[in-house]
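Below, chain A partners chain B and then partners chain C, in two separate complexes.
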Partner chain A sequence: MIRVSDGKIGAREFFAILYAMMAIRITNSTPNLLLDAGLTAAWAMPLLSAAFLFGPLLLLLPLLKKYNAGLLGLLDTLTGNTVGRLITFAMFVAIFSSTSLNSRNYADIVTTMYYSETSVLLILVVLILGASFYIAHRGLEAIGRTALLVVPVFLLTSVLLVIGVAEQLNILYVFPIAGSGPVELVKNSAAYSAFYGDIILVAILYAHVRTHNAFRKAAIWGLWVPAVKMAVFLAVYVMMFDYPAVMNIAFPYHHLTRMAMLGSLANHVEALFLALWFVGAALHFGIYLYLSAYLLGKVVNYKQFEHLILPLAGTAVVLGMIPDNHLQGELWRMLLLEVSSGMFLLLPVLLWTLDRFRKKAKQ
Partner chain B sequence: MTRIGWKLGILLAVLFLAGCGERLELEQQAFVVAIGLDKGEKGNLIKVTFQISNPQVNTSQAAESQTEPPADIVTITAPDLLAAKELAQSSLSRKITFSHLETIIIGEELAKDELFNNVIGSAIIDPEMRREAMMIISKEPAQDFIHANKPTMETRPHKYYAFMEGNWEHTGYVPLSNLNTFYQRTDDELFLAAYASAQSEPEEHEDDDTYLAGEVPQASGDPVQMIGSAILQRGRMVGTLNGEETRFSLLLRRKNLIESMTASFPDPTKEEYRLSVVFSRTENSKIRIDTDRSPAKIDVTVPLKMRINSNLSLQDFTQNKDQQKKLVKSVEERLEKKSDELIEKLQEEYKGEPFVWYAAARKNFWTMKQFEDYGWDRQFAEADVDINFVIEIESFGEQIRPPTLEKDEG
Partner chain C sequence: MSDFLKRLFSGNSAEDKSSLGKVPDDPFSERLDDNVKQLEELFLYPTNDTLKVRALNIPSINRSAKVLFIAGAADTDMINDHIIRPLLASQPAEEGNEPSVDGIKDNILTVSGSETIADFREAVRRLINGNTVILIDGEKTAIAADTAGFETRSVAEPTREIVIKGPNHAFVEAVDVNKSLIRRQLKDHRLVSETVSVGNESPQNVSVLYLDNIADKALVRNVKDRLEKVDKDAILTLAALEELIEERPYSLFPSTMTTERPDRASSFLLEGHVVLLMDNSPDALIAPITFWSLFHTAEDQFLRWAYGNFARIMRLIALFIALLVPAAYLAVITFHPEMIPTDLLLAIAGTRERVPFPSLLELLLLEITFEILREAGVRVPTPLGTTIGIVGALILGQAAVQANLVSPLLVVVIAITGLSNFALPEVGLSVMVRILRFGFLIAAHLLGFVGIALAFAALLAYAASIKSFGVPFFSPLSPHFPSSRDLFMRPVLRKQQLRPQSMSPQEDQRAEPEGGGGS
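For the complex of A and B:
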């Protein structure tokens, strides 16, 4: 059945968007942060982080249904206009600064691992101002369709990659099972839960998803599938490179694609993964740019927020060029992660509490 | 229409020009297939030998390059690998690339030097270096080794190394030693690197696998022999293991690295003859380590399948159950005795293990810190090790019973 386009997206598209937002983190320098904190047990951290966020997500879902409005609508009703706008602005800062910091990270990966003679600026311009801007510019429906088109391919190639290296893995390397110790693990998982904070943030798109059920299903799957993928890959990194050598590798995903062998003949398969990875990165930043523009539009009360995408993309490139190298940005990134983790964990709780008070006040 | 034309133009430009950014034509590149590293004469300099494959030889373009040799060998003295790579460009017309580099040969002199840890540690920083490259330690300087290596069957050098590495899985004479595993074991644990030599000093041994590279009694053919392994500890070569010891250190690991291997034993029924059997391992070895007691206790059970494909004494093993039992028992005992000797040697001389048992020991600990405080390698040097081989006879070859010469013996 051909449905007339109504500007809304279904559960599958929404899930694909969430996957494109979160799962690609395993390919940048995120694993290094997690491995530093969790050592051999880094694989447990994505699962713990997702578990931390699962509670707030479950608090948020009934609220969204009750008020039948997106996260921003909820903020407006429950916290009032000014506070709501402040929180919206904070979310914008979190997501936009992560866009520009991460885009630099991706450009550095490309210049380090693949194209050593291309300038960082050129890659940033092509990636952010070219591909990502184009995707974001087409609107949510187009983003959803693009994501639905490529995400199954990503899922399939991830499995293929693990199979390609399976022979070289030693399962015993993931021991000791608690890595840096249970307390450390839990503490750091909470601090880094912002890696999945997107799941709370995308509630701003609630009104653009067809049904509540579609939103709920996609959000739950969209939280756990990327988390499980990250957990599997972190375990694979440790099983492949062993502790402590794994801590010294700058971009483990890209080393893994180099080591992968499909049969005995195809042992230079990284080009295939590079191409797909670049598509994934363009989509990832496209979504981020779209959401940034959406939030900024709400903050400044500008209805045609699509017009903000281009200036934001330009700003992201300029900001991305500020650090001399990606390690300089890393400190900022950790700070950003910790602050936004707190925000994403507490925001649903705050909204839920306010809702309770309202109910009591009414009675 | 003009608006569409403009967009179409951009699209076509993106499609067709995108590949021009960092293009490198095949014929402009010099593919390094092997690197040799040696100690330089002055200070901390190293001698880097590049063996560069000529991609035109043995292809459909061979007619154009009939007089060209299959490989070019260049040696450069420089502070490190990256500098040597650039300096070699002063004489080479094509751009050197490591994208097909699969073999790194290190002269024993450099491997034993303190400098080696720094040289190999810095080599991997170059993103062009691939972690799956094999590490081979040569008895003589790597430069001489590469020059002496003239395999008659393999015109193209990369094929030679690729086929040799394929061989190792079937013989177990040499450990599979790529850079990735080297960086895993740069502390007290022992890393085994393939040992090779192009200098022949033949010896004749009763056991078929107790040779070290260069000692195999071989006449004519390619002078290069690869058998045995170099022991590296804390990123430096500290000793060697012969072919037999190397096989044991591979057998005692949890994961099987040898597909099959042939070894000979004294025949338990007729001591003066030897019996060659083919071993294969289909299951992982079981490793149990008790770290609660002191000294630690290590139990290893190695399951092996045995095929009797040669039988010099012409004894009848196929029909006679007692003979079979006797054979299995004697092989098990011999393997156990040999591995005990190896472990004793490692505990005394090196105080470290090449069996990746540290990974099994990590299982007993809750956090990494506890494991590091325990000091596995110190504990291994004192540990009680109990090795058990469990052998099944899988087949007796293609004869039901040996051809009998004297009727009365049967």
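For the complex of A and C:
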């Protein structure tokens, strides 16, 4: 009866989902990986990574339109059931393991920076099994609407944060401008492009987005806005803490919020940023849990995949408890990123090639 | 049967029409006296003195007739002027040319609504609804004339939704008056008023109002379906109906709201909402609603752009204060003391030093006291009201501080929270915020700002996911739809051209404003 109860999501909501999935990476230990690789030019890497993924995305968009099906439908048509299911499973493994590794990362940040006496398990449980599970449980429409409500606030507060630290920045710190060297930069950007691999992955939701145009617009904006935000923040980190000191800071975002001042009175506003950040984190993992359940449901052919969210959330918590400390998790994360980068970069190319072959075979 | 009628006239109106099923629907006989006797028996005459009978002779047909009505339900002046007087004054007709019953009804009576009826059940139904029944000797049909004269109070000023600038009519308990108040605002021939009856045993009429050219047909059907599905013996007021037709009776979030202002009801109609009216309810039920219906007040649109929006900004701040400030206070002093400037921190620590309770207990103590104060304040007789306010706020707060039960800063926190709560315009929103506040308190007690953030995220996800009659709670902000952008802020009236699309109105464009801008 009402247009919205078609269960579809519009361009703005989809953009908000993408933003909540990707932009929040700047607040965990992702910058450390990038700073290690790119040194003073780390800020260029998100842009390069996004550029690397932009090509596959542009290959994928016409395919989605042509077959008018989501990524999983494409896989099924072009690669066949078995291979398609294997690739789906690989995607599930990629995002689910990143869910549990990242959630551990967030819990580590909280226990390190803010609540030094709270146990990691408690934070993990309330975050993943509490808020994120609940958000995922309310369904995709609710996720999209919630994201659209909070993402403008995140964008605004990001700008406020940069303004809050602007006085303490030294622009000369970002030189040498090429950092670890152009070749290194390009190579590492490709390796870390899985940071934006989500943009390929969300094509599984294609059928839930209202129109092709909405999907295209949201995907393009949703790739570049988080990339630009990450670039700005990486530059701010370097300008704030200087190289090489910045490499020794475990969680630069949280140090940055400690330095931020809004006027002369409110000089300790990090708790506010903590609250906002955690709203974003709950949403972020909510989306990831939902997508994991969606993929797993497809792999095992279980239609009511919503029932998988709770067991997956529980598993994520358990898996998140495996690393002894956050440095160990970091190594695994790097490995995961490099592997999944390859997958997300090559998958659209593979699909496109198969599509070409199909066309030729038909002729 | 007599039991039913006894109950009927002992004042239990809830059961009134249930008795009808037991009234025999025998047709009238031709003998006037038999008919009157039967009706008198039905109304327990002479024990029950409610049925009034006035015998007369109609000159035009030269036959005797009886005029029957119920004291209290019918308007006697009207019966005198428009029934008895015309009947008596009718000229004797020529032989063979006497008017029929229909002729009398159409050409002699001067009441606007009258019909012919033929059986006792209908006669009883008409009588208890205030109609006058005219029985004529030798006729098998009778005339029922609409002379309903139930006591109503006159249209008064609103008591809950008060405005400084703007119309000051409020709905009353009579549905006809309420409809006329709406029609006075909305002079549109497409304003439809349908009647649906609810209640199995004693059906009550519910008027469903909507603008046919604007409201979504599917939405109207949905509301009517919901009304028809109501399975309840008797529904007395809209408030009961509200709970019966809403989707989530256990939820803290309302899916309908009531307004006592005809202008507000009319503006909802113009945006494609459906308005329900019911006799005995001095308000209108609006369905569906969004967050914005709860957040806006009538006055926002009456005041000039800047003034109205200033009020809205204040209300938004009040909403967040009422929801979060006690929790934030608890989080700050227990988890994040570094946020407070050092001087203030020392002052707080100094005052807290002598308070033996943990902060949570202290907060709950004062919060619950405040809630009791508010609950008591509603019921205290008006002359005592101010005294209670002073006793509560000053003496109690002061004494609690002096007795080291609570710290003085906390009194400030609770006071500002309570005050902000009063700034919320809709009672549903305000109570919801009061209840949610306790949830946030617990969350803050457990995990500080992280707890508040997680609780807030979950709350937001819930609020964003719910729908009222298919309309999402935060639409058209999220999900985004083209709209008049009358959300947190309102644009100037000239720019509010689109109707909210989330209601999927049939005509999405309001009339283009005439003339150029700024002239």
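Going forward, the second predicted complex is superposed on the first by the 359 of 363 C-alpha atoms of A that agree within 3 Å, B and C clash if a C-alpha of one lies under 4 Å from a C-alpha of the other, contacts with A are read in each partner's own complex, and residues count from 1 in each chain.
In the analysis below, a contact is a pair of C-beta atoms (placed from the backbone, for glycine too) under 8 Å apart; a residue touches a chain by one contact, two chains touch by 3 or more.
Note that this is a predicted model, so its numbers are computed, not measured.
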Once the two structures are overlaid on chain A, check if chain B and chain C clash or fit side by side. clash
In the overlaid three-chain picture, which partner chain does A:Y115 touch, first (chain B) or second (chain C), both, or neither? both
Look at A:S180 in the shared chain and tell me whether it touches chain B only, chain C only, both, or neither; answer first, second, both or neither. first
Which holds for A:H268: it touches chain B only (first), chain C only (second), both, or neither? both
Dominant toucher of chain A (residue count), chain B or chain C: C
Thinking of the overlay built on chain A, is A:R138 touched by chain B (first), by chain C (second), by both, or by neither? second
Which partner does A:E13 reach: the first (chain B), the second (chain C), both, or neither? second
Between chain B (first) and chain C (second), which, if any, makes contact with A:K303: first, second, both or neither? neither
Between chain B and chain C, whom does A:K360 touch in the aligned arrangement: first, second, both, or neither? neither
In the combined picture, which part of chain C sits where chain B already is, 115-123, 205-213, 421-429 or 439-447? 439-447
Counting contacts the way the document defines them, which residues of chain A are shared by the two interfaces, the one with chain B and the one with chain C? 115, 118, 268
Quick check: in the complex, which residue numbers of chain C touch chain A? 216, 218-219, 221-222, 331-332, 335-336, 338-339, 341, 446-458, 460-462, 464-465, 467, 469-472, 474-475, 477-481, 501-504
Applying the document's contact rule, which stretches of chain B touch chain A when the two form their complex? 21-22, 99, 127, 130-132, 180, 183-184, 186, 254-255, 356, 359-360, 362-363, 365-371
In the complex with chain C, residue positions of chain A that touch it: 1-5, 9-10, 12-13, 110, 114-115, 118, 122-123, 126-127, 130-131, 134-135, 138-139, 141-146, 148-150, 265, 268-269, 271-272, 274-279, 282-283, 286
Under the stated contact criterion, what part of chain A meets chain B in this complex? 39-40, 112-113, 115-118, 168, 170, 172-173, 175-181, 240-243, 245, 248, 255, 258-259, 267-268
